[in-house]
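Two complexes come next, and they have one chain in common, chain A, joined by chain B in the first and chain C in the second.
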Partner chain A sequence: MAGLEKKKTAFDDENLSGRSQKLFFDITEEENFTYYGNHDVDFNKRIEIDCENLNGNQLNQKIRDAIRNGYGTVAIKNPGAKHALGVGILNKLNLIFEGSLGYFGVGCIDGPTVRINGRVGWSCAENMMSGKVVVENNAGSCFGAALRGGDLIVKGNAGARTGIDMKGGTILIGGNAGAYTGFMMQRGRIIVCGDVSANMGDSMYDGIIFVGGDPKSLGTDCVEGEMNEHEVRWLEQKFKNAEIQPKVPASKFKKYVAGRMLWNYDNLEPAEKKGILG
Partner chain B sequence: MVKNKKTSKKSSLKKKAKKATTSKSNYKVVGGAKLKDKEIKTSREKMIGQHIGYRYDVNLIPDYKKITPFLKKYVDIMGWDDLNWLEDIHMGFEGDNPAVFDRNANAWITLPKKMKLPKDQQDRDMLARELLIKFQMSPDHPLVQLKRTYAKGENFKLVE
Partner chain C sequence: MCGIAGVINRASKTVNVGEQMKLMLQGIKHRGPDSTGYAMYGKPIKEGFILRFKISENTAEQSKAKAEDPEILKDRKKQIDKIMKDHGAKVTKQSSSTPYAFRYEFTYKSENLEELAKAIESVEKAEILSIGKGLELIKDLGDATTVSDQYGLSKFMGTHGIGHTRMATESDVDIKSAHPYWAFPYQDVAVVHNGQLTNYWGNRRILERSGYRFNSNCDSEIIAVYIADKMANGIDLEKAMHDSLDELDGVFTYIVSTKDKLGMAKDHMAAKPMVIYEGDDIVACASEEVAIRNIFPHEITTYDPFEAEVKVWQG
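So, the complex of A and B:
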């Protein structure tokens, strides 16, 4: 190919065996705690951005510019429930929204600590990889959809399909949660301090749902599990960190897990499939 | 005579098949992975004829008494209260080798063979977390190489 020079990369001498990766790093190399190439920010360096005359794209660009300039704390004034604010932040950062967010707020983030002094619309923190998001009020449907890691906290209630398809992380709801909470969840933990609406944990493959109140009904393949002391201690620590005081103590919470009847579903006989689906 | 030959052939084939699936150490090969027979425990597993699970407990919650100084430092630097996304990281296996799964590279990172594993799974998980941080944050991580070669646009350009 004219003009294209093949760059020497780590893949050149890679010896892949199955899905293994060889160890690329030297165990004695300097300790790095953030992704290579990320911006070094100072939490004490603060900037305020007024969002009143900005759209989602413009605001997100301004946040990235602030990170590039070393600001570790960014406060957003007048977010006005606009959609897709604060998405795609892959750096450590203290992000504060002085108001409510619309749909798909703070999606696809990896690292920041976000505080939202208001409520959030559909699919807040969708596909979040790591970090912490605290919502001071209520959250809409699909809260933490496809969550992969990190802590997602809402101090009020959350809508339907909270934690749908989540693959890791922790969702903590101070109030009640809507129908189909934990729908198709594959990993991770959902903690609901209040009650949960119908079909909780429907078609869940794995993961844990802790409930302080009562679920209206359990979905397919969601069964009650046994809590152990270690989990109670962990719950107490989570409540303390999130500054949430549930009505019942952590030891009185109920634990729900996957019955694992849907595992290897394709291998089952039609009669068995009918039995599982009821 | 011909029939006898056929039956002896069949029996030798059966023996070979048996050898392939069970070894002297009582391992059973399921989906390419060696599993001990005793791992097939529940009636459900017996029914489907294979072991259910990742060969480690994905729902195991970390024991914060066992957190290492390296991980403490990481949590402090990121400004979190706990292990955050690392709560989902566990020491697993790829084949017979202890390994940790890197979601960014979509691959298992196997441990050096000389490394001795602690007995307790909680200790093993902390080791896996340290290993993964070291791997992901290294300038030699495969995603850094990809970014260096292919990333376009000011926002995604690698800062070096």
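So, the complex of A and C:
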């Protein structure tokens, strides 16, 4: 990694305050990319694992064994909606699930590209650091909870509290999203092509929610922002990459951000606090 | 945590619903190891009713209930038999799988069973689990397979059913706190619930003043009584379920079944899970997809209902 220059990102013009990722994350620091158990893999080397008689622990161990042996593409047959599959993968990898996952699927991952040809249960990709996850069907609640980086995509609908507590990365939802989407989000971006249920962006601290349809209601301290040309282009690129065609063009999407009234909550008079909380 | 599940075979198709429910509930055993309950609907009997009741508790290791003298149980059963006879209820068939739980088929002069039900429950520790023309409600301690084996449920032929695996939180590990709950005194209505109701005691006092009885301190029981009360006031099932979303406070998802319908409701916070599969011949719903997958080995398309959503399926 030495020798790489810092590149300006698409959102360098974003006004960040406080202790943000930018202040303590330096891409030239090699140790940020070196993990125990990180292996070189060949993406042309493929292995299939049948999950029918395996539990989550056993499957995850087999995936790690495959990585250790240089396999860059791992296909999982018969995942059967079992819980905690594909968790803790800290390596570049093409991981394909030929079916649905249960709770906590592909949580705490850093690096793999995952395709799930089915549905995912609650808390898919929780705490994901980097990589890409594509869900072909629907997603349960808490989709991308505490997401820190990477792209998390669902072609269908996502449940309540999507992106709760997220700290970075992008969540893209092809359909609708449930109540409290973006609840307490601190950074990152959520894109919902359809409608969003009640209390969207409640108590959000920072970050952006883009909505193609309509939010049923906005939560505390979530306000509508102004889209700029830069963001429209970014949305178009995201849709293209994810092979999602929203019903309305990117330019018609609405943008929601934190009103930042909660930032100074402790300094406010009681009457002002009441005003914020509605 | 608790796990709930339900299945309905469309066009009133009769299948081995006992095995379907057992497989689904065993798939979510990890959500509640304390007790398991089934409410299943067989082919409705042409004449009379099916009564399921218990006169004591299971005294297994995890239960706080104390073993009772078998003679006391015999005496309670005799009292119930006499009460039924005195009320003009004629028992045509009876069986039991345990010393404390019984299944009767009986004929009765009226379709209104409230008076008879209250008389039966006047016997010490007697609790009616269900009365109906097709409904049979069975619940006991242990996982789905244990209860199914104990009561011979894996050959139960029927159209639909609901079930529950319970992790005891706010009340004891015993049969009376296990789900499903029958909507006393309505024939063929049962409820299973996952969650907590925070305005339970307030609502319970209101319903008790209206004459409803509660057999346990389990908050879930109130949903069955609430639905029964709404139906008594001429409100249909789906409307009653919609009303419950505003009138019952807390976090909950529940499934309700009637003689030919299956319904589910999810609270405004969507805090408790539910996954649904809607096929051409069958609808199945459960707290986790892994339960549904136990009866569909092939890939299926499922979805989560959104918050404040009510769904009712006709059999």
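The definition used in the following text is that the second predicted complex is superposed on the first by the 241 of 278 C-alpha atoms of A that agree within 3 Å, B and C clash if a C-alpha of one lies under 4 Å from a C-alpha of the other, contacts with A are read in each partner's own complex, and residues count from 1 in each chain.
Assume contacts are C-beta pairs under 8 Å (C-beta built on N, C-alpha and C of every residue); 3 or more make two chains touch, one makes a residue touch a chain.
Bear in mind that the values here come from a model prediction, so they are computed numbers and not experimental data.
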item: Which of chain B and chain C A:217 touches, first, second, both or neither; value: neither
item: Partner, of chain C and chain B, that touches more residues belonging to chain A; value: B
item: Chain B versus chain C as contact partner of A:130, first or second or both or neither; value: first
item: Partner chain(s) touched by A:57 [first = chain B, second = chain C, both, neither]; value: neither
item: First, second, both or neither for A:251, with chain B first and chain C second; value: neither
item: First (chain B), second (chain C), both or neither touched by A:208; value: first
item: A:69 touches, of chain B and chain C: first, second, both or neither?; value: neither
item: Partner chain in contact with A:140 - chain B first, chain C second, else both or neither; value: second
item: Of all residues in chain A, those that touch chain C in their complex; value: 80-83, 98-100, 102-103, 118-119, 121-122, 137-141, 156-157, 159-161, 176, 178-180, 197-198
item: Contact footprint of chain A on chain C as seen in their complex; value: 268-271, 273, 275, 288-290, 292-293, 299, 301-304, 306-307
item: Chain B-facing residues of chain A, complex; value: 7, 9-11, 18-21, 23-25, 27, 29, 31-39, 43, 61, 64, 92, 94, 111, 113, 129-132, 148-151, 168-170, 187-189, 206-208, 230-231, 234, 237-238, 241, 257, 260-261, 263-264, 267-268
item: Residue ranges of chain B touching chain A (in the complex, touch as defined); value: 44, 48, 50, 52, 58-59, 61-64, 70, 73-74, 77-82, 84-85, 87-88, 94-95, 97, 99, 102-103, 105-110, 112, 133-142, 144-145, 147-149, 155, 158-160
